[in-house]
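Notes for the one structure printed next.
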Amino acid sequence: MTDARVSWVERLGLIDRRWLYLVLLISVAVAVVVRPLFPDTPSTFVQPVVDRIERLEPGSPVLISLDYSPAAAPEIEPMAFAMVRHLLMRGAHPVFISLFPEGSAMFQRLHAEVLATDFGDLEAGRHWTNLGYKAGGRMVINALRQDLSAMYHADMDGRPLADLPGLADCSRLGDFSLIVALTSGTPGLKEWILYGGDPTGVPVVGGCTGIGTPEYLAYFPGQLRGLVGGLKGASEYEAALASLFPERAFPRRAGRVMGPQTVAHVVILIFLVLGNVAYLRGRRREGGGGAA
Amino acid sequence: MRRLMPQIITTVVGVLLVLTALMARPEDAPTGGRLAFFDFIDRNFSVWFNILAVFAFILGGASLMKSHLIKIVGRRSDWPYSVVTLVSFLVVLVVGLAKLGGPPGLTGDVTHPEAWLQTVFNGLYDPLMASLYSLLAFFVASAAYRAFRMRSLEASILLGSAFVVLLGRTPLGTWLSNLLPPSLAFLRIDAISMWIIRVPNVAGQRAVLMGIAVGVVALTWSVLTGRSRSRGGQA
Amino acid sequence: MNWLTSIHWNLVLWLGGALGAMAWGIRQVRRNGPPRLRRIAGLEAVDDAVGRATEEGRPVLYVAGTQDLDDVQTVASLGILGSVGARAARYGCELIMPTDRSLVMAAGREVLRESYTRAGRPDDFVADMVSYVSDDQFGFAARVDGLIARRRPGAVFLQGAFYAESLLLAEAGAQAGAVQVAGTAMNHQLPFLVAACDHVLIGEEFFAAEAYLSRDPDRLGSLQGQDLVKDAVIVVLVVGACLVTLADITSWGWLANARDLLLKVVQP
């Protein structure tokens, strides 16, 4: 006769998903409160970004495209803040634009937390420039290849491009020393690689969400010189920045989130193991039982 | 005529855009008659499409209001949610169009810190979007728990890869790897994780991309020649 | 005539070759009949999914991606919608299609109107089957999740271009107990759809779906031509990898010349 009883081990494979959500919520919440900081080192994709910015001459114009929305901000903002800090510490001239409608709001946050806080002595237009959002996706990039003034006549404070000392030697995309594309979707890094970097020869480095990392790795290292992928990549960049400028003690937002991310991954792994133990036990029981 | 005219427009515009993509656009070369024509197309067609899409907002907004008003008036199921939808829609529309709180006028900056739209963005839209995106963490956990079972050899390999990559993308993976002696450095979880992401994963993605490219060419050809049924079904 | 030198001749070569291969495939099918198709489980499941939803008295939910009509994946999805709509019309099953773009809403209504007409059920078509929700990614996902939770569809079709909302939609459908058939060319969303859906059309399978479901001879011939193009790509990949490797490790000039010629052909 078949033993139809389901053991407690097999019940582990039938846990209501809400218990899983609760365990995940509690464990991540504890990790968020504790906020451990783990040591980190740049990987083979992040290190080239660090090196390229380190080699920039003071005053080099760098185009930074903030192509992400608030939903992706928890992942992209830490790397955006770290890269902008690095650029300004090296004396480069970041020029901010966006192909996303929400990009202007994302710049406001970057301004509040980085430009105004850590570099309040630097002037808009002289040390950094914000040109704002333009609709059109790759059409904007194509137009910038020809002439900056085809898309922008003034910065977001109304100063004409001709009056901006930081853009004195910069009339089109090819005049920039580096393109930094921070992306959570389309238009984004792929468009900057295909229509910005490839035709002009300007090196492109990027930052993206963790999900997008494998897709953009297909372009590394040829057309994409470096990639900061997800929170892990942002944490690695922050660690590099901390080792380059220990005296500044910049906040390590992504580094602080690696603790909760680690906890979340471990919880998921535990449930995967439990689910598979239950599954294999159930399969063995069904295979071993005889007909009634 | 109802189907012929759209097809003619589709074919002409599509062929012109394909020809434009086949033409290089050297920044420093002087443009001649033909190059300038294709340059004009490349600059302007996507702008014109964006303008059409903006007018389509009106169509969408009208459809949204109509469907929810019908629900409210007819007291159909969940009609209170329709009230919330319409009120939110109209409030944000008025706040944004009238540039309330911030610099006035058609060109008034809606991202001005004092603009009411910016308050709505920071206070409502931003946290709502972040919350919904955060749901993914829970859904990934439940989807993985349900789907990653060792049903076959392929599923077992997938499970093993997921294990390695999940560990390798965290400091825990680095810490565990540091316990290995130097002679076993090739077994470092973080290194294997990077190898999985960088080699078999990218190889698979490139292969899928190539297949997609061929499929896109075929579908585009069928659309341009009027063979696609995307304008009509087939029983 | 300087415009001649500005043409990407290698792209013209590839495009011409691909179209020529498809034309050859169509001619072969017209001569010899339809080719044998590899069974695609996701497409075989379309009929079963709609039938199961009908038996359970539950609606079918169709999402044509979250991008606009200028995205080729949306166009491909509308082709599949025609087939799904025709089956829903034949079985008398309710079909719900929320969209996040007004143009897609308009196009979806046209496709379904024709599907229902061809199925002999023009009066069963109601324009409100296809509704516009919101252009916003997560606003749309929230609405569709709510729809799935309340209406509990028997079958969910997620066909088109998706971003982060793909798992939100797919997991909601899985929790509602629906049979789910997904299809997309977005590589980074495939893992989520595979984990949460019953069947997934990956990349080229998604673009081949319209031909597969309609069994139109010309489109099947085009599939045959596409296979020929892929065979050519594989040959170029293998030969190219060998050429580049050997040219790097030997000092044979003719190998280096062959490598350079091949790179000129394949690079834009």
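Quick notes
The first chain written gets the first letter, and so on, giving A, B and C; residue counts start at 1 in each chain.
Keep in mind that, in the parts below, a contact is a pair of C-beta atoms (placed from the backbone, for glycine too) under 8 Å apart; a residue touches a chain by one contact, two chains touch by 3 or more.
As the structure is a prediction and not an experimental result, all values here were calculated from the model.
Among the other chains, C has the CA centre that is most remote from the centre of chain A. Just count the C-beta contacts per chain pair and the biggest one is B-C. Central chain assignment: B. Criterion: smallest distance from chain C-alpha mean to the mean of all protein C-alpha atoms. Chain centres here are Cα averages; for chain A and chain C they lie 29 Å apart.
The centroid of the Cα atoms in chain A and the matching centroid in chain B are 17 Å apart. Chain contacts: chain C has residues 138, 164, 175, 187 touching two or more partner chains. Looking at chain A, one finds that residues 17, 69, 71-72, 214-215 touch two or more other chains. Within chain B, the positions touching two or more other chains are listed as 25, 129, 132-133, 140, 142, 144, 146, 148, 205, 209.
The touching residues of chain A, when paired with chain C in their complex, are 17, 69, 71-72, 185, 198, 209, 211-212, 214-215. Within the complex formed with chain A, the chain C residues making contact are 137-138, 163-164, 175, 187-189, 268. Listed in rising order, the residues of chain A touching chain B in the complex are 15, 17, 20-21, 24-25, 28, 38-40, 43-44, 69-74, 104-105, 108, 135-139, 142-143, 145-146, 156, 172, 174, 199-200, 210, 213-215, 217-218, 230, 232, 258, 261-262, 264-269, 271-272, 275-276, 279-280.
Of all residues in chain C, those touching chain B in their complex are 2-3, 6-8, 11-12, 15, 18-19, 22, 68, 70, 72, 75-76, 78-79, 81-83, 85-86, 89-90, 101-103, 105-107, 110-112, 114-116, 118-120, 128, 131-135, 138, 141-142, 146, 150, 164, 167-168, 170-171, 174-175, 185, 187, 190, 192, 194-196, 202-204, 206-208, 210, 214, 216, 218-219, 222-223, 225-226, 229-230, 233.
Interface residues of chain B, counted against chain A in their complex, comprise 25, 27, 42-43, 46-47, 50, 109, 111, 113, 118, 121-122, 125-126, 129-130, 132-133, 137-138, 140-142, 144-146, 148-151, 159, 162-163, 166-167, 169-172, 174-175, 194, 197-198, 201-202, 205-206, 209.
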